[in-house]
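This is the structure I have questions about; it appears just below.
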Amino acid sequence: MIRALGWVLRRDLLLAFRRRGDVVNALVFFVIVVSLFPLGVGPEASQLRNMAPGVLWVAALLACMLSLARLFAPDHQDGTLEQMLLAGEPLVVLVMGKVLSHWLMSGLPLVLIAPLLGLQFDLPADALVVLCVSLLIGTPVLSLIGAVGAALTLGVRGSGVLVALLVLPLFVPVLIFGAGSVGATAAGTGAEAHLLLLGGFLALALVLAPWASAAALRIAME
Amino acid sequence: MSKSGKFSLYYFSSPQSFYPLAGALQPWFAALAAVLCAAGLYISFFVAPTDAQQGESYRIIFIHVPAAWMSMFLYLVMGFWSGVGLVLNTRLSSMVATALAPTGALFTFIALWTGALWGKPTWGTWWVWDARLTSELILLFLYIGFMALQAAIDDQRRADKAGAVLALVGVINIPIIYFSVQWWSTLHQGASVSMKSAPTMAATMLLGMLIMALGFWMYSIAATLARVRCVILERERHTDWVAAEIGGQK
Amino acid sequence: MLEARRLECTRGDRRLFSDLSFSLNGGQLLRVAGANGSGKTSLLRIMCGLVSPSAGELRWQGRPIRAEREEYSRNLVFIGHLNALKDDLTALENLQIAAALGGMPADSGRMLSGLDRFGVAHCAELPAKVLSQGQRRRVALARLALTPAVPLWILDEPFSALDVGAVVELERLLASHLASGGMVVLTTHQEVQVVAHAILRVDLDLHSAALQAA
Amino acid sequence: MNWGNWQNFLAMGGYGLYVWGSYAVTLIVLIAEIVALVTRRRGVIEHLAKYYAARRRNDET
């Protein structure tokens, strides 16, 4: 089982490496969206500091959602997804592998670049650290929940908009506590509770989301 | 009803036998809904006294709160039937889930609308990011997502199952969303008057809300039964009994 | 032994076939025939366990395949009308990953011999996107050469896009699989020249979809 | 609760717009759903009648 997970991971990372452009594009999208906000609301530092957690997190949500189109759809089109269902390995494990690689290619880059963008918004150092930690815990939840949405909308017409409709409301708790943790640090009230709850969401999503995605994939194959 | 005279749940789990049953029950639920809503309206306008703090504007609560209850309750019911449909593979339960969604979305809309109208005189603004209103807004998105997903999938069986998975994911998420939003709104102290604490819960008020909620509940059952009957006819059109049923109508 | 009991398949409003029963034993080849849209591909997908039939059931070694999906999957190779190749991976990598996910050893020596069998060893290091339609089909079919021990092969139009040489090679491979007690299910437009213990034929055009043994 | 006269009842202590706005929209929405259900049922029956008629014609030819 671990072996199968390793192979899926290896395969998806190799594919992502051969199509580096897609990964870079999602990252550039994130940077552009975040950079647009100061242009929209003005350069006043205190206002930007207040907005920063929300803006960064919403942009992360959108970037993650955009990259969901690459999670299952290409495999569905060329028939490799079918073969995965027939691999004789538990589908949940294979889904885990795909979600993990999706996170490594879409979530992790955001975590790494977020501090730079935080500096643009004049966030203090401790808030930057919490921002990174919250993204590190929160973005895997986004990938896990997003996988369910991507699997449900597989091969459905207008799936791009539909996946946003299905997945974004489910992202709300992550957004609240992710952005909340950064805001709480900036306000000096401490972010431990927020981060713990985010960790709780991650645990819950890890347990439930792969099953739901696997079920949705089987349904999509019918 | 069955020819053998044997009553069983399995008998009614087939669309063919449920269709006439739904037709027979529907008027009764509709009548109950009308009576209960009339009683609820009477209490809310003629029995309940004026609130000392908010004046007459609090009478909106008699529909706002029951509608909010119903909207959440109907999503849970939808999730339940979805789960039954997914596990037992019974077509009828999926049809019921599909039929519940529009009515649930409607009550969500009513809760939002009345919330806004209550908010204007109370808070001085049409929209406040209060915990209940925000949760209702997200719930509306969940309902819309469910209906949009089902509408986008052509294959009926797949639409049923995909909708069921989504509804179940939503059911797990609703408490989490509700709790998160609650936490968030207390943190930001947006509204000083919360809807729950606003008027003291007088007994007559609670009674009015309960009766109204019961009325809405009966209405939801009646509307859902009517919609299930349409769905059954549409989906079972290749069967002989629907052909006979339509033939009998003409 | 694979046994189908009163299978029925509906797509939307249309009932593609119903009351379809047959059983397939080691050494037998089942050819699914029927006009376009008669449900050949649907039947194969049902037999793989990808789609559940609207009525009836499939049994593998006497047990319903629904109950032990993964176990059943390990006993079959499915090659659909899609070649299941990733454009950005080389032929060799594609084959390795397919084998590894199927629980086979993935050493490149075996992969190369499989590719060689279908005359595409020289394409091993090329990304799949530059291969021709026929070459891609050959790479997909090379999986069969790697999995002789898997008893049930389910092939959707395996001969499409193949030239004469590859057709002969595939027929030879099928024959040896059958001779060693394997089972083959396939759809094809051309007559199969396979010496088999028995060739069964399911014709979905017949309304009752009755089984004729030929 | 005694409102005295219709004016008082409609005015709702100055909150008439909000109270009646809520109740009216609720009523409108529920009635709209009922109307939609009735028309849907009618439409389905009509559509199916046509569908069966077409099928019968097909069978005859």
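Annotations for the structure displayed:
Letters are used for the chains, namely A, B, C and D, taken in the order the chains are written, and counting of residues starts over at 1 for each.
Everything that follows uses one rule, which is that a contact is a pair of C-beta atoms (placed from the backbone, for glycine too) under 8 Å apart; a residue touches a chain by one contact, two chains touch by 3 or more.
Treat the numbers as computed from the prediction; the structure is a model and nothing was measured.
Among the other chains, the CA centroid farthest from that of chain D is the one of C. Chain geometry summary: the mean Cα position of chain B and that of chain D are 16 Å apart.
One inter-chain figure worth recording: chain C and chain D are separated by 55 Å, centre to centre, where each centre is the mean of the chain's CA atoms. Averaged C-alpha coordinates put the centre of chain A at 37 Å from the centre of chain C. Rounded to a whole number, the gap between the C-alpha centres of chain B and chain C is 48 angstrom.
Across the assembly, chain A contributes 222 as residues in contact with two or more other chains.
In chain D, no residue touches at least two other chains.
Shared interface positions of chain B, defined as residues touching 2 or more other chains, are 155, 157, 237. Every pair of chains that touch is listed here: A-B, A-C, B-C, B-D. Chain D contributes residues 1, 3, 9, 12-15, 18-19, 21-23, 25-26, 29-30, 33-34, 37, 40-41, 44-45, 48-49, 51-52 to its touches with chain B in the complex.
The touching residues of chain A, when paired with chain C in their complex, are 3-4, 7-8, 10-11, 14-15, 18-19, 78-80, 82-90, 94, 221-222. Chain B makes touch with chain D in their complex at residues 45-50, 55-57, 59-60, 63-64, 67, 102-103, 106, 109-110, 113-114, 117-118, 120-121, 219, 223, 226-227, 229-230, 233-234, 237, 242-243, 246-247, 249-250. The residues of chain C lying in touch with chain B in their complex are 11-13, 15, 54. Every residue of chain A that touches chain B in the complex is listed here, in rising order: 145, 148, 152-153, 156-159, 162, 165-166, 168-170, 172-173, 176-177, 180, 201, 204, 208, 212, 215-216, 219-220, 222.
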